[in-house]
Structure formats: structure tokens, C-alpha cells
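Taking it in order: structure first as C-alpha cells, then the write-up.
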Amino acid sequence: MANLILDDICVRFGGLQALTDVSFSLAEGEVVGLIGPNGAGKTTVFNVITGVYKASSGAATYDGKRITGLRPYQVLAMGIARTFQNIRLFPRMTALENCMVAQHSRSSVGVVGAVLRSPSQRREEARIQEKSQRALDFMGLGDMADEISSNLPYGHQRRLEIARALASEPQTLLLDEPAAGLNPSESRELMEAIGHITDLGINVLMVEHDMKVVMGICNRIVVLDHGVMIAEGRPEQIQRDPKVIEAYLGQ
Amino acid sequence: GSDGAEEKQADQVLKIGTLSPLTGPYAADGNDIRQGAEAAVAVIKAQGGIPGFSDIVVVPADSACDPKQAVAAANKLINDKVPAVVGAYCSSATIPASETLAEEDIIMITPASTSPVVTERGLPYMFRTCGRDDHQAPAAVKFMKEVADVKSVFIVDDKTTYSQGMADGVAAAAKEAGIEVLGHEHVNQGDKDFSAVLTMVKDRNPDLFYISLQNSSSGATMVIQARRMGINAILMGQDAVFHPKLIEFAKADAEGMFCTFGDIDTTTQGYLDFLANYSSKYSAPGAYSAYSYDSAMAYLLAVKAAGTTDPAAVRAELLKLSFDGASKTVSYDEKGDSGSNYTVYQVRDGQFVPYWNSLTGQKY
Amino acid sequence: MDYFIQQLINGLTLGGVYALIALGYTMVYGIIQLINFAHGEFFAAGGYMGVIFISWLAAQGVHPYVCLGIGLVLAMLYCAMLAMAVERLAYRPLRQASRLAVLLSALGMSIFLQNGLMLTQGQYDKAYPTEITAGGFQLGGLYISYMQCLIVALTIFLLVVLNLLVFKTRIGKAMRATAQDKVMSALVGINANHIIALTFAIGAGLAAAAGIMVGLYYGTVSYSMGFVPGIKAFAAAVLGGIGNITGAMIGGLIIGMVEIFAAGYISSQYKDVFAFIILIGVLYFKPTGIMGENVDDTRV
Amino acid sequence: MTIQESKRLWVSLGVGLFWFLMLLWPLLGIKPGGLEFSETWAVFSKIAVAAVLIVAVYHLRQAGVLDFIGTPLVKASEAVGRGYQKAPTWLLLAVVLAAALIYPQFAGRYGNDVAISVLIYICLGLGLNVVVGLAGLLDLGYIAFYGVGAYAYALLSLHFGLSFWTCLPIAAMLAAISGCIIGFPTLRMRGDYLAIVTLGFGEIVRLILNNWMTLTNGPNGILGIPRPDFFGYNFASLSSLYYVILGIAVFTVLAVYRLNHSRIGRAWEAIREDETAAELMGVNTFLLKLLAYAMGATFAGLAGAFFASRMRFVGPESFTFLESAMVLAMVVLGGMGSIPGVILGVLVLVALPELFRDFELYRMLVFGGVMCTMMLVRPAGLWPAKRVGRRSEEME
Amino acid sequence: MNQDSRQPILELRNVVSAYGRIRALKGISLKVFDGEIVTIIGANGAGKSTTLMTMCNVVKAVEGDIFYKGERINDVAPDQLPTRGLCQVPEGRRIFPRLTVTENLDMGAFFRRDSAGIKEDLERVYDLFPKLRERRRQLGGTLSGGEQQMLAMGRALMSRPRVLLLDEPSMGLAPLLVKQIFDIIATINGQGVTVVLVEQNANLALQCAQRGYVLETGSVVMEDEASALLHNPDIRKAYLGE
């Protein structure tokens, strides 16, 4: 399960063809890296999957169900969660609350239940809190639950982004440059954490410029350039691919 | 002062509340009302006051021409234990305020609210010193028909209880009288730009253009624009437009305009007394100063006659009362009305000049 | 047909008035994203200053047109000074606060200024010596007053000048940079406070010009006259795409036209309803206003 | 404070006063008859003296000369604060509620009247707080829902003879529906575009109330609306009305509190913080924004129905933009998103004009000035919500 | 210590900076000498960006002194510093999104009046970053991350800085571009510009710089020659991921 398939996705912004016929898949248990030069369209791929942008043609399916055209919250409800390249936490909410918001789609009490504070509402609230706390603990932020998220240092904010995504109980996780702004040893901790995530049975699609990280944990890598897929394969293959070296890796 | 709970009557202070818009766009008229009452109190005090009361004071309250504020202000006056209130100005504020005052049997005498509803609700302690819209409108139409001899009229109002009531009254009476109503348009309060409506007026080319706006400066603005646009119809307004400021603002453009206003004979002794008193303290009286003066005066005289502020007794005295006030000879009927005597004034040489009396049907 | 064209001219004039006020609104909004409720008060103060200066000059026997010219300049200067004081006292200390805090401060200022005007100038309206600009000319069945021409001409003139200022000068560039990123503009050597104060001054100067035009055109000014046109101008600025100068002009004209035509052809009591419905309708289909740049803040 | 700083302070005071004089004199001194100075001078000198005094006190305080007054005060307030924190919340709430319950016994008619106003505004403020404080949607036409509630009760009771208690939920529902109608087209807009559209809607509602003669009786308003009664007991007196609105207000406080601390409240806050991220984290922003408008409107509808029955009269003048602005001011001044803050804001803004009644003509001037000053002194509100403080670049 | 006979061009002495009650810098002292590249490394939240912002007075130092060219600048307004040659490429680039590329570059030369010199510098920047010349009419906000970084750098160069503060210039850039950026830093430095470089990519930064400071939770814990730091085992473990 948790099979994400992109099929000939094209995205256009006015005159700019941001993505052209992008097709790849993400199977259960995989960690796939998505790399490419700046402006290649990596974040755009994420945006298409999560419903922020509409594909001008092509389709994405998740477990056989079409997800292109769905609203972002519906995509999340299906089990695809993401983080953001430029941190988009809820700045004035605490770390725990940030995670609790992500539980929104996994809970159901309505206005009446909330106002009356029915027993089922209390039970649900307790469950939300527990799940969120567990997500924080998982990313090593357990004792910062009550910190206002904007007061956290940058690296912790990055981790909180992941914790928040995890709190929505996804089957698939999309990470957009999770190691940006982290120093090499911090990146290494991050790699370990991502390893644990896959152990939970969550598959990961990751955009990252830090080659150590990408090569270290990805099973497969997809390379984009100017919105076109120029290579796909195992890390070793990619590292040696002349097209990738010319467009992206250099030397 | 004395600290005894059982004060003798002689130590009592007689309070009169005033309720009028002291802030907001009608603050000007509102202050006239307050000052009118103060002038009356000053006169009575100068005459030696009222036996049994050590002093008479005016307690002003701001109705802001807004129902909610008016009710709050009325409650405040009740708290201040005033036995009577002069006011309010806008009928839409007077009516809810009077309901509140009625709960405590407080006498209310309005110097300015002309809506028929004010005295038609059967409230025993509601009185009115000014005229009624449903008298003013027929008077205006009678003038159009008999004196100005117009065949068609265009009516504009600005959608307040008062201005629209007047305009509707004129429209109805005009139809009855066989004057063609070429249009009846409503503008909004606070508008300054009347060009669209005035272009329409110009297009329909009525014999008379009837302006029913809530205040004189809107009136002046409309008059200026109408004349500038080349509307040559006879202009006519009602008593809210009737104000010295209309002429001050519109200057030459106001020349020849007619207005109905409850007749104030400025030659009577009552008026001259009032004028002397009033202008010694304040600037020239506004349109409602005299009515407010008379309202307060009526109450004070009634209390004097009754020797108490007990509302039932004072009401009885008010109904018996008849005195030569500043605005007219004041006497109230069972409903609390004091009759209307609408006169048509004309602006001539920068002044309102009485032109035609609707009761007598005579030109001055 | 004459009726239609006459209404068209009315609409242009009213639209011009709204546009003049909206220009200032939009400039201030453009730079600090503040709905400056006090802007309507600058407009009213401009109207009063016009009366004060023009009446005084006229009493000194100065030629009417000279009176008008000097009065206009002085009133604009006065309002610019007023706006700078207001900005310094009520807005600058709140630069870091939430935008609603500033909004409220602006509201308080608006109440304060309105009542300040009332206390110093009296509750009654003031009349302009309108003889200065009375008159007009007949064109077929149409009557066009000189004031109408002046308002439209002034609006167009100021539109051009402002666009030049903002897009062609150093100051303009600094204004745009400050609007987009205050910290960064400091890092390239722009004093954001000066630029913001200057923008307020210009905006208020424009409002003052509008106040005088309105006073001359309608004959009177009142202390509460800023409120309704202020809201309409705000609507106009938003309709055109708030922050955009040409947009403010277009928005002003549209609101003015809609009002006049709704009043002239449908119902004058519902004219504002039509104006707001057009506003909502346009924004529904173009949520950033007619000329609003589609700056996509949803990029994730 | 260094000498330099102190010098700068006095210089800027001087410049400020000169500037003020330049602004004041044309207003007071230029008359067609000639130039005058005496009046300007009279006003100016008073204000200048006051300003100098204020700056001097400020100066002394900075210099520590006034510590002997300040320190005990600070200590005392800290002690009170500590006591307050120690006392259990329920005890405090019980005390407040008890005070609210016995209040009419001690207040006169005017006191009751003001208290009723306060309670009405608390409902309005908390309702608007849902929209502005929690969901972050700037609503400048909020009072329209209050109007809908008021007219709903007025018309239903007069035309269909429905009782107050039947009408209360109906009024709330109608208000909620109109909240959705207003909310719908605004959902695609952000920030200030939303502000003007809501303002426009508010004006449209007011104009319809003012102009639709057959339904609303236009500017004349609707008279003779019955007071609530309950199995024969008529709430005619002000003090019994007070208990009705107290009940509604307590319900509102409770409901808003519980909503705030539920998944719905969290979702609203997430929308306020970052709408795009909220949607991507699984919040149906469309529905929840609509819900925010509807819930806010519901409380306004309740308050409106009560307002109609208490005034026994409704007219369109009660539902102007200024009223919306006032309610917004209460929310922001008190502290957005904080229930005690909003209540405090209401108390302050209702009390201020009453306190200033004696200023008469100066009342609104003082009111505007105080409003401005309070914002300057406490930009986050009098009693801010816990979560404040934004990661901001520090700059002069 | 060793080279203190030279007069530093930029110096912090016991500087404390705070955001509200949080002290981000707890008494930092550091020196930058004319013509060198100094790098500041440290973990997330150590206060590197705050240090740069404090140098420009955007964040006000609550204690301590900042000297620039021998003069105390604590009370100089931040907008005065660029005119004196102190420029910053801040974290996150902060391109003016709705100004075109050319206008963005012009903003860099805002305080300058010599239009001939400005024109010359514009050409120089375009030569350095040919990609920018291609895009000169495009709005800054629509550029890709790498192009924005070049623009930010070009904008700073337009003010002819004596001292250039760079905050994480390689963040989010593709490996190829990272190399380019570091080449450019070396080139600029070769032209006589002093550079203060804050980087997470400590490896590259230390290779490029002459000296380095290590920051930990708002304090300087180590300062040394860059090459020495690069080979320090503690540093390698804590910041270079080994």
C-alpha cells in the first residue's frame, strides 16, 4: 500500500513550463530522493501532489485513487503529509499545538460536541494530545512541547515540521530540503531520524541538496532539470550519470 | 448642606433633564435645545424661583440622535432623579427614550420631534411643544396649491424617520390636491453629492422642488448644487432645513426659497423676552431654541402651580396651562400636543421672512 | 441622451473626488499595509484649512484665483504636517505591533482628530466663499461647471505625477523597497522612517487637495465629512487593488460612476448597495482587485 | 539615563511642541477678520505645561528618583498577581459569578442599564473574537449579524407572536445563515480585501434595514417589541432583564472557551497563523472559515434578539459601521483571542464614555485620545492571550 | 593574542544582544581585520545571524561596544552603515520581490550619487553573474533560489562595500552553485573586500576563510586560524559530522 504514482505530470505558470511529463512512483517502504538544480521544479512536484497547484495535464494516483484535483486537506486525509522548504509552522502556537492541528483530519467532534464537552469529545481530545506528544518525542522534541514554535531555533523548527507531519499519521511523507540550514552533524542526526520513520512503515519522498544525506538514505533517486526528468536510478548510478554531473553535481 | 434624610421640601433642588444630541451631526440643534431649557430656568430663577425648591438645575444628557444612546441617557436621567425631561430631538431617539421614561412616570416634553407617533401611543406624560408632521405636510401642500400655484412637484428626502415621514406626507397630500408628483427620491444621510438626483430633477423639470432633509447644512448643500446645476424650480423645505445656517451657507442660492416652520412670531413680548435672555448668554437662537425654552417654561410653570413634582399633579396643571411663550401661546391637549401653526417663510435678502400663514391662509 | 451624458459627467466628478482621496489611502497602505482610518480626517482638515486660508486671503483683497492657489498649497502643507505628527505619535511606536493594534490606533486618531476639528471649528458647517469658482459652461443641453473640470483635471494630473514619482524617482524606488522589506531597505541605506513619514505627508497632501475641491464643489465643509468619503475611498482603493496608484484612480471612478448611475437610473437610496455589490462582485472574481498584483503569498 | 539621552528627550519635546503650535494656530488664529494669537496661546500654554510635566515625571522615573513610590506599588501588584495565580481558577470564577449575580441588588437603574450594555457587548465581543481573534479574519461588518438577530426577534414576535425563548435560537440561526452568506464570497480573499468586503456587507444590511419599508418599516424602526416572559413571569424590570442577558453572556463565555480549546478552535488558530499551511495540514479551511463566521454571527444574533427585547424598539441607526468598529476596538484593546481580555476591553470601552460624560464636548476627543494611548502603551491588549510575541526583527 | 598589533576594521567587544528577554548573544568579542575572510560557525541557534544583525545595528546591542574603522557605531542608525561600507547579505536573501533585477541592484547603490560609477558597477556585477544580465527585467520574487542568491550578492556589491557580511550564502543551493558562490567570495576578497562569512557548510567555509570563530549558545568558544579549526578533532566531530 501507500503507492504513489505520478503519471505524465505537466505544470505551467503562464508562459513557464515548470514540469514536463514527470512520471515516477514511490512504493511501500521506499525512500526516494528528488534532486535537481535550483528552479528545476522539485517543490512544484510536491505542490502538485499535495494539491497546492493544479497539474495542467497528467495525473497522480495514490493506492489507485486519483489525487490530482483534490484539495490539500483531502490529500492529507488520504495519508500524504509534507514539510515545507521555507518553514511554515504556526508561529504563535506551541510545538504540541502545532502537532495537534495535524490531527484535525483524524478527529471528528463538531461544534455541538465541543460546546457541550461530551465524553466522546474528551476522549478524542486526550487521544489527540497523546498522539501529538508521541510525534514530538519521536523527533526528540518531547520536552519542548510547550515552547512557542517561533521561539525555537531553526534546527528544531525543521524537526518540528517533521513531527507535525508525522502527527497526522501519514503513510507517505514528503520532505522538502529537511537538511537545509543544518550543519553536517545535525544532518546526520536527521538521517537517523528518517531511518526510524521508514521503520514505522512510512515511505518517504525527499528533496535535498545535501548529497551526503541523499546518497546515504535514498533507495532510489529521481533527477529533474528544467522540469524534465533527466535520470532515475540507484544512488550509485546517479552519482556517475554524466547528465546529472553536468546539470547538478558538477566537477 | 443638610444631612438629614428627611429634607424639607424647601431644600429640594428641582432638576430638569434635557435629552438632545450633544455630539454627532446634530450637535448644533442639540445644543440649542439644552440652551433653550437653561434660558428658561434662568428666567424663572431670576423671577425668584419656585416656592418649595431651593434651586433649579438643568441636567443635560446626550441622546446622539441614536436610539440606544438615547435610552442609556434616559436611564441616566432617571438615575439622577429628574422628574421631567425636555427632549429629545430626533423622533427615532425620542420614541424609545420616552418608553423608558414612561416606566418611571417621568414627564417628557419634546421641543423638536414632530413625528405623529410620539404622542399617538397613549403615554400620559408625553407632551410636545412643536407641531406635527401630519399638520406640516398638508400646510406645505396647501401653500403649493393655493399660493404658489404649482402643477408638479419633485420630492427628495434623506431617509430618516422625520424627513421621510414629511416627504411621504407631502407626496400623499400633493396627489390628493391634484399636484403631479414627478418623482420622490431618497438620498442617504451624510451624502454630499446630490448630482445624480438633481440631474433627474432637472430632467423632469418640476414646478416646485421639495427638499425634506434632516439638517440645514445638507439642505444648504442641496440648494447650492441645485441652483448651480440650473434648476429653476421653486425650492421649498421643511422645518429641519429652516435654520439661519441655511442662508449663511447657501447665500444667494437660497434666495427665494420657501420653508415651513412652526410659526414663531418674533414680535410678541414672549419672544422678545426670550431673545433678550437667550442672547445675553448664548449666540443667536437656533431653530429649536424657542421651543425648548417654552417646553422648560411650561414645565416650570406647571410645577409652580402644582407645588410639587408629582407627575399626575403636574400633568393636570400642564393640561390647564396656557401662557404666552416664545414660540406661541402654549397649551396642551389631552394627547399632549400643543397644536401646530405652520407658516411658510421665504428667504429674502438673506433672511427668513414670514410669507404665508397656513391657518389663516393669509399672506403677511 | 443628454441625461445620460450629464450623469456621466457627474459620475466622473464624484469618481474624481473618491480617486483623490483613494490615492492617499493607497499610498499609505502600499507602504505600511495600514488602513489609515484617519485619512478621512486629513481630508476634512484639508477642507477646513481651505476655508480658513482662502477666506483670510480673500479678506485681504487677494485675487480669487491667487487665493485658491495659495490656499491649496497651504492646506496641503498643513495636512502634510498633521499627517507626519500623527504618524510619529500614533503609528511609528507601533511598527512592531500587530496590524490590528495599529488599525485601532488609527481609529482612535480618527475620532480624536474629528472631535478636535469640531472643537476648534465649531459644530456647524463652514461655507466656502464659493463665488470664486461658481459658474460653468453650457454644452448643448449639458451644463458643466468649472469645478467639475478642475476636479477631473487635478485628479488626472496628480495620477500622472504620482506615478512618475513612484516609478521614476529615487524616492519612489525607496518607497517601494520600504514597502516590501523594511529591514532589508535599512541594510541598503534607506531610512524607512523618513520614507514612511514622507509617504504620509504626500497622502495627506492629496487628501487636503480633495478636501478643498469638495468644499468648493459642494459649498460647505463639516467636521464629520471625512467619514463617508473615507470609506468609499477605501473601497475604491481596494477595488483597484490596494497599494496600486492607477488602481485607486480606476476604483474611484468605478465607485463614483456606479453610485451616480445607480442613483440616476435605479434608486438613489440603494446606490451604495450597488457600489458595494460591484465591489464584492469584482473582488469575488479577482480577489486582489482590478490592478492588484497577483503576488502569490501561497508559495510553499 | 545618560545626559545625551536626556537632552534628546527635551529637544524632541521642544520640536513636538513647536510642531503642535504650528498645527494649532491656523485652526484657532486665522480668522477672515485678522490674525489672532491669544486663544491659541491660551490653549497651547496649558497643553505645553502638561506635556512638560509628563516628560519631567517620565524623566525622573527613568532616573530612579521616583523609585520610592514605584517600588512598593510594583511589589504590591506583584503580590496581588501571585495571590491571583495561587487561587484556584474555579474560586475566582465563582467570586466573579457571585458578584455578577448580586450586582443588581446594589446598582440603581442606571447601573443596571450600563451592566446590560456591558453584557451585550461581551456577547458581541466574544463572538467577534471568534472571527478576528481566533480565525484571524478581519470583520468590519460584524454588527450586521446583531441587526439580523434584533430584527428577527422583532418581526417574529410582532407578526407571529412567537415568544422570546422560541425566537432566541431562531434569531441565532438566521444570524448564522447570514454569516455564511457573507462569508461565502470572502473566502477567497485575504487580509484587508476581506475587511472592505465585510464592511460593505455591513453597510448593505444597514441600508436594506433602512430602506425596505414593507419589511422593516425603514428608518422608523419597529416599536412595541415585547419583553421576554417565562411561564407567565414577565421580565419587565431592568434587573430581571439583567439576569436574562447574564445567562446569555455566561453561555457565550462558556461556549467560546470550549470551542477555543477544541479541535475546532485549534484549527481556527492554525488558519490565523498560516492559512496555506493549515490547509496542507488537513484543515478544511473553506468550511472552518465559514464556521467561524457562522459561530461569530450566532452570538451576535443572540445578543441582537435580546437587544430588541430590551429596547422594545429596533431601528437601523443601531447597526452602523461605527458600532462594528467599537466592538472591534473592544476585542483588540482587551487582547485578541483572550476571553478575560475581551471582557476587560468591553468594560473599559463601555465605561470610558460614561466616565467622560462630564467632559461633554470633549468626551469623544478624550475617548479617541485614550484609545490611541492605550494601544501605544499596551499594543498586545490589556490582557493578552497567552500566546503572543512573534519572531520579529528588532528595529527602532 | 597574536596579531593584535594590527588595527581591526570591525570589532565587537563583549556584545550582548537580546530578543525581548531572551539573550541571544551573551558577551561576544571578535575582530575582523582588513582584507581577510573570517568565518563564524556554530550550531543552530548559536547566534550567528544575530551577530551579523548586531554588527549592522539592526538588532541593537544592549551591552558592549561595536567598532567599525576605529569608531564606536552602537548609536549609528542601521541605514547609515551601508554608506560607510558595511554591507550585509542577510539570511534568506531578502530580495525585494516586486522590484526587477535591475531595480534590486540599483537599490544596493541607493545612497550613492555617482551615476557613472553606479553604471560601471552594474556592468561589473553583470559580468560576475551573467545569469542576472539575462534576467534583468524579471521580478526578483520570481527568480529561483540560486538566482536570488546571486542577486543578493550583486546587490551588496553595488554599494562598493569595504566589509561584506554574508549569512549562509549557500543555503538551499544546488552543489554546483555552492561551488560558484564560494569562487565568487574568493574573487571579491581578492579585490580587497573584507568578508565575514556565516555558514552551516563549515567544511567549505573553513577552507575558504583565513580565520574562524566558533559560536555556542551566544558565546565565542573558540577562535583560531581556519586551517587549525578545520583539523581540530572536536570541531570535526561537532560541526563537520565526523
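Order of writing sets the labels: A, B, C, D and E. Residues in every chain begin at 1.
Heads up, the rule we're going with is that contacts are C-beta pairs under 8 Å (C-beta built on N, C-alpha and C of every residue); 3 or more make two chains touch, one makes a residue touch a chain.
Just so we're clear, the structure is a prediction, and the values are computed from it rather than from any experiment.
Each chain gets a centre from its C-alpha atoms; the one nearest the centre of all protein C-alpha atoms is D.
Taking each chain's centre as the mean of its C-alpha atoms, the one that lies farthest from the centre of chain A is B.
Across the assembly, the chain pair joined by the most C-beta contact pairs is C-D. Using CA-based centroids throughout, the chain positioned farthest away from chain E is B.
For the pair chain C and chain D, the distance between C-alpha centroids works out to 28 Å.
The mean-CA centres of chain C and chain E are about 43 angstrom from one another, to the nearest whole unit. Look at where the CA atoms of chain A average out and do the same for chain C: the two points lie 48 Å apart. Chain geometry summary: the mean Cα position of chain B and that of chain E are 75 Å apart. Touching of two or more other chains is recorded for residues 52, 84-86, 88, 151 of chain A. For chain C, the set of residues that touch two or more other chains comprises 118, 183, 186, 269, 272, 298, 300.
Touching two or more other chains at once are residues 159, 186, 188 of chain B. Against chain A, the residues of chain E that register as touching in their complex are 22, 41, 43-45, 92, 143-147, 168, 171-179, 200-203, 237-242.
Looking at the complex, you find that chain D touches chain C at residues 16, 19-20, 22-24, 26-28, 30-33, 35, 132, 138, 185, 188-193, 195-197, 199-201, 203-204, 207-208, 210-211, 276-277, 280, 321, 325, 328-329, 332-333, 336, 361-362, 364-365, 367-373, 375-376, 379-381, 390, 392-396.
Against chain B, in their complex, chain C makes its touches with residues 3, 6-7, 10-11, 13-14, 17, 118, 123-125, 127, 130, 134, 136, 143, 145, 214, 218-220, 222, 224-225, 227-229, 259-261, 263-264, 267-269, 271-272. On chain C, the positions that touch chain E within their shared complex are 170, 173-174, 176-177, 180-181, 183-192, 293, 295. Residues of chain A that touch chain D in their complex: 50, 52, 71-73, 76-77, 81-82, 84, 88-94, 97, 100-107, 109-111, 113-115, 117, 121, 124-125, 128, 148, 150-151, 164-165, 168.
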